[in-house]
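Heads up, the thing below is written out as structure tokens.
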Amino acid sequence: MLKIGLLGAGRIGRVHAINIANHARSQLVAVSDVNEDAARSLADAYGAKAVSSEAILADASIDAVLIATSTDTHSDLIEKATAAGKAVLCEKPVDLSLERAQRCLNSVHGTGVPVMIGFNRRFDPNFSAIKASITAGEIGKPELLSITSFDPAPPPVAYVKVSGGLFRDMMIHDFDMANFLMGDAPKTVHAAGTSIVDPEIGKAGDVDTAVVTLTYADGRIAVIKNSRRAVYGYDQRVEVLGSEGLLSAGNVLENTVSKATKQGVTSAKPEFFFLERYMRAYAAEWNAFVATILDGAANPVSLKDGVAALALAEAATQSAKSGQAVSLA
Amino acid sequence: MLKIGLLGAGRIGRVHAINIANHARSQLVAVSDVNEDAARSLADAYGAKAVSSEAILADASIDAVLIATSTDTHSDLIEKATAAGKAVLCEKPVDLSLERAQRCLNSVHGTGVPVMIGFNRRFDPNFSAIKASITAGEIGKPELLSITSFDPAPPPVAYVKVSGGLFRDMMIHDFDMANFLMGDAPKTVHAAGTSIVDPEIGKAGDVDTAVVTLTYADGRIAVIKNSRRAVYGYDQRVEVLGSEGLLSAGNVLENTVSKATKQGVTSAKPEFFFLERYMRAYAAEWNAFVATILDGAANPVSLKDGVAALALAEAATQSAKSGQAVSLA
Amino acid sequence: MLKIGLLGAGRIGRVHAINIANHARSQLVAVSDVNEDAARSLADAYGAKAVSSEAILADASIDAVLIATSTDTHSDLIEKATAAGKAVLCEKPVDLSLERAQRCLNSVHGTGVPVMIGFNRRFDPNFSAIKASITAGEIGKPELLSITSFDPAPPPVAYVKVSGGLFRDMMIHDFDMANFLMGDAPKTVHAAGTSIVDPEIGKAGDVDTAVVTLTYADGRIAVIKNSRRAVYGYDQRVEVLGSEGLLSAGNVLENTVSKATKQGVTSAKPEFFFLERYMRAYAAEWNAFVATILDGAANPVSLKDGVAALALAEAATQSAKSGQAVSLA
Amino acid sequence: MLKIGLLGAGRIGRVHAINIANHARSQLVAVSDVNEDAARSLADAYGAKAVSSEAILADASIDAVLIATSTDTHSDLIEKATAAGKAVLCEKPVDLSLERAQRCLNSVHGTGVPVMIGFNRRFDPNFSAIKASITAGEIGKPELLSITSFDPAPPPVAYVKVSGGLFRDMMIHDFDMANFLMGDAPKTVHAAGTSIVDPEIGKAGDVDTAVVTLTYADGRIAVIKNSRRAVYGYDQRVEVLGSEGLLSAGNVLENTVSKATKQGVTSAKPEFFFLERYMRAYAAEWNAFVATILDGAANPVSLKDGVAALALAEAATQSAKSGQAVSLA
């Protein structure tokens, strides 16, 4: 039974707390948060103790930590936790700075402690079925990947300002999905971005709608579409065209009911947002992390993967500014 | 926090145990089963004690029981539990004998103790959305109801022999669904049954495929189709034609992936069987039971509902034998 | 090039006129109708002459006739046309009287002149794909057939009164579809009918909503649902459950556009009525008729098939009145 | 009744011949082709005469011409036909050279003779429904357009060499669709292209797979995906994300049948190629052309539209070579 310390008791921390507590081989023993009330409330719900991050890292009885704090603390906490010998599951992104993330990777490298990055979508049953189908050769050689990823509504501008921008904050999931499904890093990145949803986002120096094209050394192409607003709900789809077919993963709908009237045939909307859509993915992610530690399973999303996605986000940010494609080393 | 005793640690008992244990307002404290090992193993997993049914019914600290034992014990246990002042959630059917079930209803009537019958499908998000839409008048006046309910594979003939037959064992869910969606009992029942899937089922005096037509006093009609074998998985659909439209609840698929190749476009199968398809329904059912006890919410599936469904099963059994329609009092 | 005389220039006659005229191996040369203006107008549009039925039957240059007159004239015209050596494609039903239809069959029998009945749905690409898939054994042994057939709106009561009733006028298509897909006649027919859409239809002695169950000697079952009103359009679906799978033919929609908004996801309605939905089927039907005559292809829908469907309609009419199942000889 | 001369009796010429002949207000009177046998055979089928192009242009009784010859002759023939006062429907593209097409536009400008370019997809019922929905404001302000357009199989390399390349030959349809749906020309074009389907296409200097991103002055973005090979059939889809919703036009499938077995649920493939998918679009296109001439309806696809699409194809060709975005004047 793994003893787990949870760093961060915000929205995503609470999602993880449920999965940690419900898992047959893990136990939530400690929670920390800059907001002590939040930590206490969450800890109480699961019979854990509310303590400081330092206390968690110093507690030799704790096997692993889940880092769900603000992004600017991720690299430090990963380094400290691994130095203390604790396995780490850290939320995305590793850092807003590629350079800092790279240093973190170098620092952790060689400790032998597993660090997994929370790219939850790899564990979505639909996307993992796509990956399995590609790997099984069911569509021959993949040639053209398309990722659609729209949020239901834009975040507050105050959040946008500290988020690192759409490419590091939102599209980073899609960059990781591209790396996951293509099994390689692209050689060029071209981004077109606009702040058509909310001009205030543009004034804050960010975009809210973007199309990114990735090209690969072997001739494959990937395209990612992001929008901060899809009023009908969280739109999360993937398509892969291969030499022998097309794989598509559609949205998960709220229910299977349709209603036919004089006005047309109406069906349910996609699950509203990530907590609903990826509920199963978060549980599977946690299960994979536990298996990595206890069963020696291969780490499914390494810190290196986290840095690789961040490198694409950095290139896309630069391309969206210059309007020109960026070559990756 | 409701203290719950679970009578029956078989397949369906284990499903309920998870929901009892995970619910914020209920706690599994005791488990009984004729197979003591099964009871102990399940009890241990949730920190409950394994005891006899008698001990559970005699334990004043236990607020409610979930009856998941074999059908022939249901009526007795309902009577004993309510006599002991314990709220009851009992699996379907109430009994194989309509007369016995009716006596149970009379006996319980007036005790004021809530008895809920486990027609889990009422709590399926798709079917409850259908009910809500009908109630909201979205398709006007319902006129023609169709229920499709196919199991993935027939049960062993040994089970068939003690099951009470397809109408009492399997279609009883659909009879309850008809009662639920139509909000009334039919006036006639016509059944056509056959043992085309497995002749051994026919030799055992039962059918494995059946179509039942229900007619209502106000002119509405319902039709139910059952088969014990749908090799592609558990097929559970409902359609209601009304004066202003059609409502349809489709199957829940294993995932949303489709694959287009030279051979056609392939998508996922329905969730394989009731444990997968109705996982959410069982949790919602338990939540409704808790609310009935703790919040005084209306009992969503009363013992009377259980007897009403059984009355239809009895009539259908009779009609399938005679080939003629049966009038209900 | 077949020279064709068209008897009847009403709605369905005009549909056939287009197909006769557009076919590379047939030519519309004469049109008759009790309404002479209608005959003339249609004849003019295709360079044909407007004449009497008698003249058409007496014209030795005419190879075949299409009978699209009122039902009460069908048997007489079939007999006269075949006596004159002309191949016949006659609209359904053969007659309202089973006895008269049977006499017509006896009379025609032995003339060797092909008589085809206009069960157009056999030529719908969706239903013919279902038939082909069954024949190819793709779902193993068919066990349970379901036919859904809803009209968009009820006909005027004046029409209902002369129509022969829902079973002879509307469900006859579905009886033929059952005969077509099951490849056998049923041994029992049970019908439940109601006039819930329009009480005036009930006062006229007919039903507007019905469910018919057919059972077969080998244990198979079929169920047919009819309603005179589906406000969302013409609803025409077929499902066949077999030992190795399920075949379903869905509706043909007006377009493939869907719109996702805050209110849900809306898609197009089914094609409104039979002229739209079965446009391709009527053309394929005509092509098959031409092939029967010119290429000696097997008659895909014989007069005997027409009589067989009528026999089911008669049995269903009787069953709906008595409430009891009817056995067929 | 418009008298029509058809220039070009190849595959696409034959499609148009059917629509010209079947239309109530047009008549095919003459056909020309460099292959005289082809011209004669097609002319004979419709009671037209086979003559030279010169003869058609010189025949004062001919009201309009349909140009379905090889691309390199389009501009010349448009100029000659309009000079002769004949209305023109010309297949796409106007020319392979933007400069030549521009000269053609200048030359025709002011003659007052309608010249329509055969961007048939505007007349597809699905895409025209998308346009109508946008225009009606049903999804608010359009923000992000996606066009997917995959051919079933690559053309012979010999064809590729004279085709002008994927952007002028294939994606030109999508450029026009973008112009049609966005109602404006983009300000930048970025193209990523690859010859991953067939290296021989790459050796011929062309690409077979491409992603093009268009940005607009008002902040909107469009993305077009093309592949020369989708083994499951012709894949033609459009999506528009707007401030109040998403519009999607899916593929037209061969039939509506699905088959559920142990292996999954299989449905039909998309209509195989453009002759099947756009059969209705070609007929509607011809009808629109007739209405432009006879009813003074607005020209739905002007020569200017043809030049505008070509300008995007030229920019994309340039961008795919340089790897950098191209700004349009």
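Going in written order, the chains are labelled A, B, C and D, and every chain counts its residues from 1.
In this section, a residue touches a chain if its C-beta (ideal position, glycine included) is under 8 Å from a C-beta of that chain, and two chains touch if they have at least 3 such contacts.
This is a predicted model, so every value here is computed, not measured.
Undergrad: Quick one: which chain's Cα centre is the longest way from subunit A's?
TA: Max centre-to-centre separation from subunit A belongs to C.
Undergrad: Counting residue numbers used by both copies over all numbers at the interface, does the subunit A-subunit B contact come out same (over half shared) or different (under half)?
TA: same
Undergrad: Report, in whole Å, the distance between the mean C-alpha point of subunit A and the mean C-alpha point of subunit C.
TA: 57
Undergrad: With chain centres taken as the means of their Cα atoms, state the distance from subunit C to subunit D in Å.
TA: Once rounded, the distance between the two centres reads 40 Å.
Undergrad: Can you list every residue of subunit C that touches 2 or more other chains, as numbers and ranges?
TA: Where subunit C meets two or more other chains at a single residue, that happens at 230-232, 235, 244-246, 260-262, 268.
Undergrad: Under the touch definition given earlier, write down the residues of subunit B that touch subunit A in their complex.
TA: Going by the criterion above, the answer is residues 22, 125-126, 129-130, 133, 138-139, 244-252, 254-262, 268.
Undergrad: Considering only the defined contacts, which subunit C positions touch subunit B in the complex?
TA: 141, 143-144, 146, 148, 150, 188, 190, 192, 194-197, 209-211, 213, 215, 218-221, 223, 225, 227, 229-232, 235, 241, 243-246, 323-325
Undergrad: Which of the residues in subunit A end up touching subunit C in this complex?
TA: 230-233, 235, 253, 260-270
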